[in-house]
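What follows is a structure written as structure tokens; I'll ask about it next.
All chains are identified by letter, namely A, B and C, in their written order; residue positions are counted from 1 within each chain.
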Amino acid sequence: MNSDAARESGQAAYNLACELFPINRSITGPGVRQTLAILTREMPELTTHAVPSGTQAFDWVVPDEWEVREAYIEDPEGNRIIDFKINNLHLMGYSEPVNCELPLDELQAHLYSLPDQPDAIPYVTSYYSRRWGFCLSHHQRLSLKPGQYRVRIDATLAPGSLNYGEVLIAGDSVEELFLSTYICHPSMANNELSGPVVATEIVKWLISRDRLPYSFRVVFIPETIGSICYLSHNLGVMKERVRAGFNITCVGDDRAYSFLPSRDGNTLADRAALHALQHVAGEFERYSWWDRGSDERQYCAPDIDLPVASIMRSKYGAYPEYHTSLDNLDLISPAGLAGAIRVVQGAILAAEQDRHFKINVLGEPQLGKRGLYPTISTKNSGETVRLMMNVISQLDGRTSLLEVSNRVGAAIWDIYPIVLKLVEAGLVDDLSLTVQPSNI
Amino acid sequence: MNSDAARESGQAAYNLACELFPINRSITGPGVRQTLAILTREMPELTTHAVPSGTQAFDWVVPDEWEVREAYIEDPEGNRIIDFKINNLHLMGYSEPVNCELPLDELQAHLYSLPDQPDAIPYVTSYYSRRWGFCLSHHQRLSLKPGQYRVRIDATLAPGSLNYGEVLIAGDSVEELFLSTYICHPSMANNELSGPVVATEIVKWLISRDRLPYSFRVVFIPETIGSICYLSHNLGVMKERVRAGFNITCVGDDRAYSFLPSRDGNTLADRAALHALQHVAGEFERYSWWDRGSDERQYCAPDIDLPVASIMRSKYGAYPEYHTSLDNLDLISPAGLAGAIRVVQGAILAAEQDRHFKINVLGEPQLGKRGLYPTISTKNSGETVRLMMNVISQLDGRTSLLEVSNRVGAAIWDIYPIVLKLVEAGLVDDLSLTVQPSNI
Amino acid sequence: MNSDAARESGQAAYNLACELFPINRSITGPGVRQTLAILTREMPELTTHAVPSGTQAFDWVVPDEWEVREAYIEDPEGNRIIDFKINNLHLMGYSEPVNCELPLDELQAHLYSLPDQPDAIPYVTSYYSRRWGFCLSHHQRLSLKPGQYRVRIDATLAPGSLNYGEVLIAGDSVEELFLSTYICHPSMANNELSGPVVATEIVKWLISRDRLPYSFRVVFIPETIGSICYLSHNLGVMKERVRAGFNITCVGDDRAYSFLPSRDGNTLADRAALHALQHVAGEFERYSWWDRGSDERQYCAPDIDLPVASIMRSKYGAYPEYHTSLDNLDLISPAGLAGAIRVVQGAILAAEQDRHFKINVLGEPQLGKRGLYPTISTKNSGETVRLMMNVISQLDGRTSLLEVSNRVGAAIWDIYPIVLKLVEAGLVDDLSLTVQPSNI
């Protein structure tokens, strides 16, 4: 959580994003596997899983795998004017193979561009309905002349698998904190590469810590179908164990911090994320459940009801470059990623430190005889121990430390050491510890 | 609920108000019976009841019946300057008979006028203390010259009965929605004739509907003593059956919409009325319990505690013509009545449709394979199905549909068809139906 | 509660403050005993208690007793420039004895002054660490010339006792209302003498009342160590009996009224104090728990959790003269004290009258036949009985009278007589009375 470490971590995240950027990811296919291979190099703890096409997952079926070898359009003069090799956004995601010539007016029905952002190549997919299409800048589209165009998509849509990665880290308790991020978008930076690279840095930080009070579950999955597959295999254990989870998406730029709640809106995940955003970021955008659009849609669906909130910088859909070629490596920065890393660390600490403590003397303790209080009383001397006394006044055993911290208006990671000092002085009992034996 | 039907219904209500206007109603007497006879012609389902004078009803006793044959004042020259036949408001309600001559200064003690509204004849009653009196415009009062006046009230105050009407309509459930309106004021239009004529149109609409999920209880009663009598006979069954009720009063003008809550303030009646006012009227005045003044005083009294809220246009006491001769047929309009009809219909639909539904798949359903979702994903395509997805995300079986509608910010009668479509697609269970068999 | 009585009471309180002002009080010592002796003269009901030095009280130990005979500083010319006899604030509270000469620069380490308030002598203590020191105006300090100063403190710090006073008044119920005020500050007026003199007037008022529904416990104690000692002896019985308590401090000036909540924030004490401040004072400062600084720190500590709120005029720490020689008899006034007396009386009445009542007829009662309602109904006549009807509408047996009063927007002492009239008329049951037999 210190700023030097955060700066280094942000730079490492940025470097990893640069390496992952060119890969053609989709919800299935070799791009996902390449991505997972690089992530495994970074995190040997990562295990990868493959779910065969056709597998039923809740209301969904894992689709065929999509593999692209080549895709381009040649103009009437034979110039290759659009080429998947140059920018993988040119090809509509899950395009079926095609190899034909057709006149411009027929080709138009397969072209996608953004008149309002004429320089941007849009990102378009058609996962569950067979189509083919190309995306291009509106400027380029306007420059197309009538004539016969040759279109070639050398792609396969065939049974294969959906791949995802999972890091499980054992802590003192089997109860878990959960992180989810996605790896299913081609060359775009804030949405999505910022998510997996920040999550990777968080995993490294977790591994480096002396001791983890909770176990961790971190998943790198294709959005929607990936979270649905993951839940269909792990829902039981997750409902038992997950105390708080965070969806990590769009965490790379430095224009804003953003929060999107769980459906419940007041889970530990919500409270921890809000606390971290308030004390690390200060100002942030607070979105509502109605603004959702990522895997919280699955994690918080009725009867799944996991405590998962989203931590973001500029939210998907809320910045102009979203889902276009303008969401590139210039949009994100080491500093932007570092800020997100610090907020996620803060949310994790908030969730971990949100324990119950209880003062064990009646009335205020005499801090003076324990060297915890100035022994001379002057007009202003009370101020210096006010925070400690305020914290003590709230340690009634019923109020969790996150609520205590919010009441006294300080970050829980600044309050926690004060409480530990009181525990050492024998004035305060850690009820979590007291309770643990009976849990075994 | 379509606007043509509402316009026709508002015109029919206005025509009925014109027919009922001249009748001299009070809390008892032939005027009430005449009114009920006309209402029976409109609604053959209406049954009428008579409660004998002297009957105890809770803390009250049904008073003697009041019948007026003739009432006038002649000035010293023998001109009939005030005559009940010209305007029944001239005679104080429940005036005892008198036949005498007296000088102007003695007569003054029996005259009522409004200095602030010098053109208006006030409406004054003395139900529970024997008095006599005449009401006149303050202009007329100032023109009276000294001298002997002849006063004649040919009226009877004698044992008879209190009359009221009741419509019971059987629906699928024995649980009831309840409407109450009053028929005890002489020639005044917004307060009160708008109430019974709107209630009559609602009854016709209910009868015309294919199927009613709830049964209905609609009463046309004298205010206060009438609701007390009605409750004293029906409280047990009403407490068992009434899920929501609406007091329909002052629903004829077109200057405002108004809401007055039940004492509890958060019953289904309150929520349904507020929802209807918000989505039909848009803007409306929101009164508090402390502004009450009609039969909610009885319906919501301690230990009666029925869920009854008031739906109004310009509320009694809140418009200058209230309880004067200026509250006449010019003050109300077919459009004003039609607006009230639509709000009451909306409140009834909101109460009926406020059921519990539950999505029966885990995670978001795949709408695409059921033809409920566009199959191509572009930058903006999500918007078109957002409302349906928002509704689905709330169908957890615990949140009733009215609350779901309020959360997504739409009228329940626009959400209900979406939910029925999901029920037909087998994605959503109607918990009300599931529960019903066990109720039988 | 009438204003003549309040004025007299305020004057009596002021006179008593003048008599008590010169005494050198501290948390122990003869000054406390002198003060208690004068209070016993005023209230023969007062009993005094002594707790020996060295007694353990929760986390604390009663300190040695401090007695001062003489304390002064002489300048290099032998002039007695600072003398405890002239103002007891000159001597740091609990200074140890000293008798020496030392140069000015060494003396400076033992001097306390306020650069921002150069005319004021600050009030400084060092109860739990052995030190000596003198307090003086910053003007005087700046005028000190280099040279040898003679310092003499003839004081004893030796085993003795901590003294406090207690008034127990038996009422109809063993349940208690509790008042606490402190007697441990030397010559300062708003903080603290206003507290014990207002409490004395309240005790006289309580004794003068015909009948007390609750018993009373009023304590005059040294702050912090005194309340800790008192609680360590009485906590069990107090937790059983105390329904509401008020800490009476800083109640002498007339610049503001102030409220500081219990830790819980919504006990009967909080509600009664807020009600009294609203209806007696109108405007007042509303402090939070984080602004606390008096014995509520002990009364509301975790597991002690007594319902104790603070009623103040200008709060300790919130006025410039606080804890200096400027907090003198000019700062407080008979009118200031009288205002506080009225608020405390109001809070006591609010707590006493906060009982449960229930209307025993269904529907609105017919007030007319009981002479409680005007028998003629005109356009405005309803207003005159509206308050009574509003109260009746809330007497459901579940809503306590303080909440009823807050809902109808009137002082409980104005509502209570209305309710008693309804009880006499047989319309309302006093549930507190009904319940009492079963308590015996």
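A few points about this structure:
FYI, contacts are C-beta pairs under 8 Å (C-beta built on N, C-alpha and C of every residue); 3 or more make two chains touch, one makes a residue touch a chain.
Here the structure is a predicted model, which means the values were calculated and not measured.
When the CA atoms of chain A are superposed on chain C, the rotation angle comes to 120 degrees, reported as a multiple of 5. Here chain B and chain C face each other with different sets of residues for the most part; under half of the interface numbers are shared between them. Rounded to a whole number, the gap between the C-alpha centres of chain B and chain C is 55 angstrom. Shown for chain A are the residues that touch two or more other chains, of which there are none. Chain contact summary for the complex, chain A toward chain B: residues 58-60, 112, 114, 122-129, 131, 224, 227-228, 231-232, 235, 263, 289-290, 292-293, 297-298, 300-305, 322-324. Looking at the complex, you find that chain B touches chain A at residues 358-359, 361-366, 368-369, 375-379, 382, 389-390, 393-397, 408, 427.
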